Amino acid sequence: MTYSEALLGAIVEAMDEDERVALVWGSLGGVSGIKLDFGSLRDRHADRIVDPPISEAGIVGIATGAAMAGLRPIVPIGTGSFLFRAWDQLIHEAGGAHYMSNGRVTAPLVIHIRHGMRGGGGVQHSQSPQAMLWNAPGIEIAMPSTPADAKGLMRTAIFSDNPTVFLDHQMLLRREGPVPDGKHAVPFGKAAVARPGRDVTVVAASLQVVAALAAAATLAADGIEAEVIDLRSLVPLDQEAILNSVGRTGRLVVADECAPRCSIASEIAATVAEKGFDLLKKAPVRVNRLPSHVASSPVLEDALRPDAGRIAAAVRGLMD
Amino acid sequence: MAGAGGPARLLELFGTMLATRRFEEVVYALFAEGHFSGHYHLYIGQEATGAAVIGHLSGRDTIFSTHRNHGHLLARGGDPAAALAEILGRAGGIGGGRLGTFHLADPAIGMPHTSALVGGAVPLAAGSAFGAKLLKTGGVSVGFFGDGAFEEGVVFETLNLAQLWRIPVLFVCENNTPGALTRAEGGSNTSYLPGGRVSPVPEALGIPTHVVDGADLEAVDALAADALARVRRDGGPVFVEALTIRWPGNQSQYPTMATGETDLAMAWDAGRIGNEHRGWFAADDPVLRAARRLLELGAADAAALQAMDAQVRARMAAARETALASPLPDPATALDHVLAGAAR
Amino acid sequence: MAGAGGPARLLELFGTMLATRRFEEVVYALFAEGHFSGHYHLYIGQEATGAAVIGHLSGRDTIFSTHRNHGHLLARGGDPAAALAEILGRAGGIGGGRLGTFHLADPAIGMPHTSALVGGAVPLAAGSAFGAKLLKTGGVSVGFFGDGAFEEGVVFETLNLAQLWRIPVLFVCENNTPGALTRAEGGSNTSYLPGGRVSPVPEALGIPTHVVDGADLEAVDALAADALARVRRDGGPVFVEALTIRWPGNQSQYPTMATGETDLAMAWDAGRIGNEHRGWFAADDPVLRAARRLLELGAADAAALQAMDAQVRARMAAARETALASPLPDPATALDHVLAGAAR
Amino acid sequence: MTYSEALLGAIVEAMDEDERVALVWGSLGGVSGIKLDFGSLRDRHADRIVDPPISEAGIVGIATGAAMAGLRPIVPIGTGSFLFRAWDQLIHEAGGAHYMSNGRVTAPLVIHIRHGMRGGGGVQHSQSPQAMLWNAPGIEIAMPSTPADAKGLMRTAIFSDNPTVFLDHQMLLRREGPVPDGKHAVPFGKAAVARPGRDVTVVAASLQVVAALAAAATLAADGIEAEVIDLRSLVPLDQEAILNSVGRTGRLVVADECAPRCSIASEIAATVAEKGFDLLKKAPVRVNRLPSHVASSPVLEDALRPDAGRIAAAVRGLMD
């Protein structure tokens, strides 16, 4: 099953199961020719499906108010870059509601975006806003890398009482993989060992897990066994899984598509340096998008991308 | 709940207005005495709007307010003691000290969350009504916002969306006229819009739109009855622009008690009105105006209003004491409720 | 520069339109042949608007466009070869491969930067005009945007600001009517606004507003002359809504060559028009319409138009070859120009 | 001279000196009773001063367009939290313009905000958006801590060809200090040693420098000599100054008012762990705002705040 189909499955299932789940139709399927067929969903639940105009701020604000009223809206914003238009509503209203009310109000909306370098997206259609989002309290962040996790994490997101930003990498949508039937939930805050290994820990999420696995395969040919940790959610974070792994390997590489400063890689590296300093045999290494916006030309885009080659090179730099 | 009420109803709404006025005077005093610091805003001069609109709501309905929220909370039935304690940052505050004056709200009374960002209330109110519509609760929502909110794009987006998605929401723009300064400097849309009004915009979007004297209790009461009935019946948005004259205490960044503690007797004894702020006392102050109208209608006499006032004052004085007696929050709880549920 | 021109001027503008049409056909072919990938948008069906409005600008003026920018760039005098190279991500592209199809722009021709975010052009155009005003250059700006941009709050904010700050900017909303799908699903403001038009909103803000048939070259030319003269004279904003019928190739996410390569002879030989897309060829296609009008005015005969077309095609074919011959950017330059100046 | 006066001085001077400098009047002076007297500035330059409505997105977009046209607008947004309303315009348009144009367009605007915990600001008036901003390429970030630097950095910001976000901490506005006369410029990318010391490096910016200096004074009484590095600008960053200092002290504490994840402290800690691993005798320590929104009550606000006490405790934890 493809990643997109698995994701869709979780949404269809939740809408059939729970009348509080509503969908802002829009762009869930994504560009690049992927068309999700919502089948008869629209006919079954016409009263819980709306079509959005191009008003990200208004829609996120409305979804937040609706969530406070008990609805569980799923709001596809499309390209992650567009979420900046709704930044205030997301961070100040959705993200702040539970805390401000001293725990009496919840805002269980799911914001769905497609993040990342997609091939030709350029400066304004390639954002990876997860690092900025992680700096904001009160928001859960899910970033699957497999079809099964896309399904299982989406279910968790929908039924979570917190606002969740759900990020699919544009280049994962067609990824194939086995997906459990029925109501499959993957809890937030539990990282997966995508590949076990003894020599170095590579921490990643979303498409970077794919890159890390490719790097690990190459490295294995040279006898280097990289352990790939798939975070699956940033909030909550499975810090223990990371520290346990580094405890065994003594080496850390973090692969991350965000620009380097204040990135996911910075946070993981800092966390391990702070909490696991004595576990580290070598300096932690960040493999990020180079410090730039994303250029449109594929050649420049490739030059900026954190990929299997750069991850493998970083690992090799730690082995001596 | 429906229809404009007779004198008895006006008297009841006047009680709400008076409570708000006396509450705000207590807030001012608490600030002046140094019991809390930071920026704050008072609802003086707009009491008729909040009281009359909210008076038409039921328990299923919700309201959303702004930085100038005290009057809305009280009109919705909020507890003045818990509200004052919240403003003082105490454990006994509605939000345990997390809200402060900017964000007074209480989910228990259908006021889930208050945004202090200009225009923030507007999509939230529409959203709450949208949720009610999809969940079929029968509830509607009211979003209160200032004329300044009109300058924020998200408000326009929401008007458009409310019409497109047929959301049962009442938008109440409280146009309290920009301060003299802002207006002179041209720093406000209402300084160039025809008549200083925002209503041409919702009108252009085809939203049923009404302009009302927001300091006229009876007028707002009647309009709100109609407007809310229409929202419930048609299941779409209605827009009300309530015009008030800005309270002289609201001319600079921090409120000043420019007009002093309200002397209710000015309502029936014009001799008590001096030259300073004569226009305010004689024609603009919604509390004095409502009192005069009640006398005119024979709904109460001066003595009855005085007695009512004494009761309200006593209630607010008690609320003040309760609030001041409330303990400070436990610093160890500062991290509670960042995330809901097991996820934390 | 001023006033609507006679036949000679229309012929010149027709040349611009034709160049755009042939350019877009080349872009489509390059995509179909796999020379570039990713999302892209064509300006087919709106050529009259861009050509006529931009035809009235001088070197001091600036324009800002959208995701659908190719026609604006060409009308402003952009080099087709450098534009195609840019779309292909080559080193010889206008932005050296940083822009791509979404962001075609060239500061050398008064088109500094193209936002592909819906509505992004609007504040930038107002800002450029605001800069020109404060710097006293005498320049004005034109912001082009689709009807969808109207749903974005920042566009409303900017209209309000342009009026408040008296910014000499011409807003041109190219209302190409939402696709059948969007419209059926109610997912667009123009599906409920009276007449499917956005103009009531700028009107409500007091901005001089005009609606024009955006596929009528003569009409846009005349209106743009007046509108720009007014912007220059009054130093404030003017709003134009240019209505076009959506090109059948623009009905789904990716363009399709639904109407085939344009057969110019359809302008004078109705027999060449088949049943498929008859309405488009007979009445909606702005290029064919302009050609018919030129014939009617006696500005050119069919042979002259064919000759012109042959020239344009040759120019575009050459541009295509130049673009395809342009080398790929040097990956080592990917980090250049993140920051300007010594600060890097 | 106060910090506010010094800041104002730089603006007045620049407007008198260069006709391209324009000012969106608004809220530069700030709340809390501070009133900056712009004196006759308004009379002298009425045509370059405008009054803003409450339209952050529109204003930042307009200022960006104006900057592309050669103007150097100074745009006070007021409370930093409000900047989220203009997030898209700032990051995608202002931040992207120079890169997209391959170096041919510049957008030299200055966005001025008052950030941080101000006493009663609550969730929506206390943001410190510098960490999120630092993740966005193409934007300079200045964060003075002294009146002299406020003046000198503002001059640099105004005449820089890049978009700059200039952050004043709300609680610094009344800070007194000596300020050089005349055209005083402090370059970006040059950290200051706010206090020299041999035992531990404390990296900070803005108000946290004041907290760090207070901590250092306490620590000195116990014979612990903390070196306080005042970053002054985040973009560009003076990485060398940090690494040099840690090279001498072997210990790092970073004080930062942002929420912890993907924060300034994360970035500095990660950078030092990565580039200066062998210099570190101990694990780097981050002292952040606790991981929460900012509550309104001063008691809760104080509990969340990174202050001299927590900085000193962090330092003591490193000394044995």
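Note that the chains are named A, B, C and D in the order they appear, and that numbering of residues resets to 1 at the start of each chain.
The rule is short, and it goes like this: contacts are C-beta pairs under 8 Å (C-beta built on N, C-alpha and C of every residue); 3 or more make two chains touch, one makes a residue touch a chain.
This one's a predicted model, so the numbers in the text were calculated from it and none came from an experiment.
Taking the definition of touch as given, a chain qualifies here only if it contacts chain C and chain D alike; those chains are A, B. With centres computed as the average of Cα coordinates, no chain lies farther from chain C than B. Rounded to whole angstrom units, the spacing between the C-alpha centres of chain A and chain C is 37. Each chain gets one centre point, the mean of its Cα atoms, and the points for chain A and chain D are 30 Å apart. Centres computed as Cα averages put chain A at a distance of 41 Å from chain B. Residue positions of chain A touching 2 or more other chains, listed in rising order: 53, 55, 57-58, 81-82, 85, 88, 92, 99-100, 122-124, 137-138, 235, 291-293, 295. Residues of chain C in contact with at least two other chains: 95-96, 98-99, 103, 115, 117, 120, 151-154, 157, 160, 164, 186, 189, 338.
Taken together, the touching pairs cover every possible pairing of the chains. Against chain D, the residues of chain B that register as touching in their complex are 36-39, 89-90, 93, 95-103, 115-120, 148-149, 151-154, 182, 185-189, 253-254, 328-329, 331-335, 338.
Chain A meets chain C in the complex at residues 25-26, 31-33, 51-58, 81-82, 85, 118-125, 290-293, 295-300, 302-304.
Residues 151-157, 160, 163-164, 186, 189, 191-194, 200-201, 203-206 of chain C touch chain B in their complex.
Residues of chain C touching chain D in their complex: 62, 64, 95-96, 98-99, 103, 105, 107-108, 112-113, 115, 117, 120, 122-132, 134-135, 137, 139, 141, 153-154, 157-158, 160-161, 164-165, 167, 336-341, 343-344. The touching residues of chain D, counted against chain A in their complex, run 81-82, 84-85, 87-88, 91-92, 95-96, 99-100, 122-124, 131-132, 134-138, 234-235, 258-259, 261-267, 269-275, 277-278, 280, 282-286, 291-293, 295.
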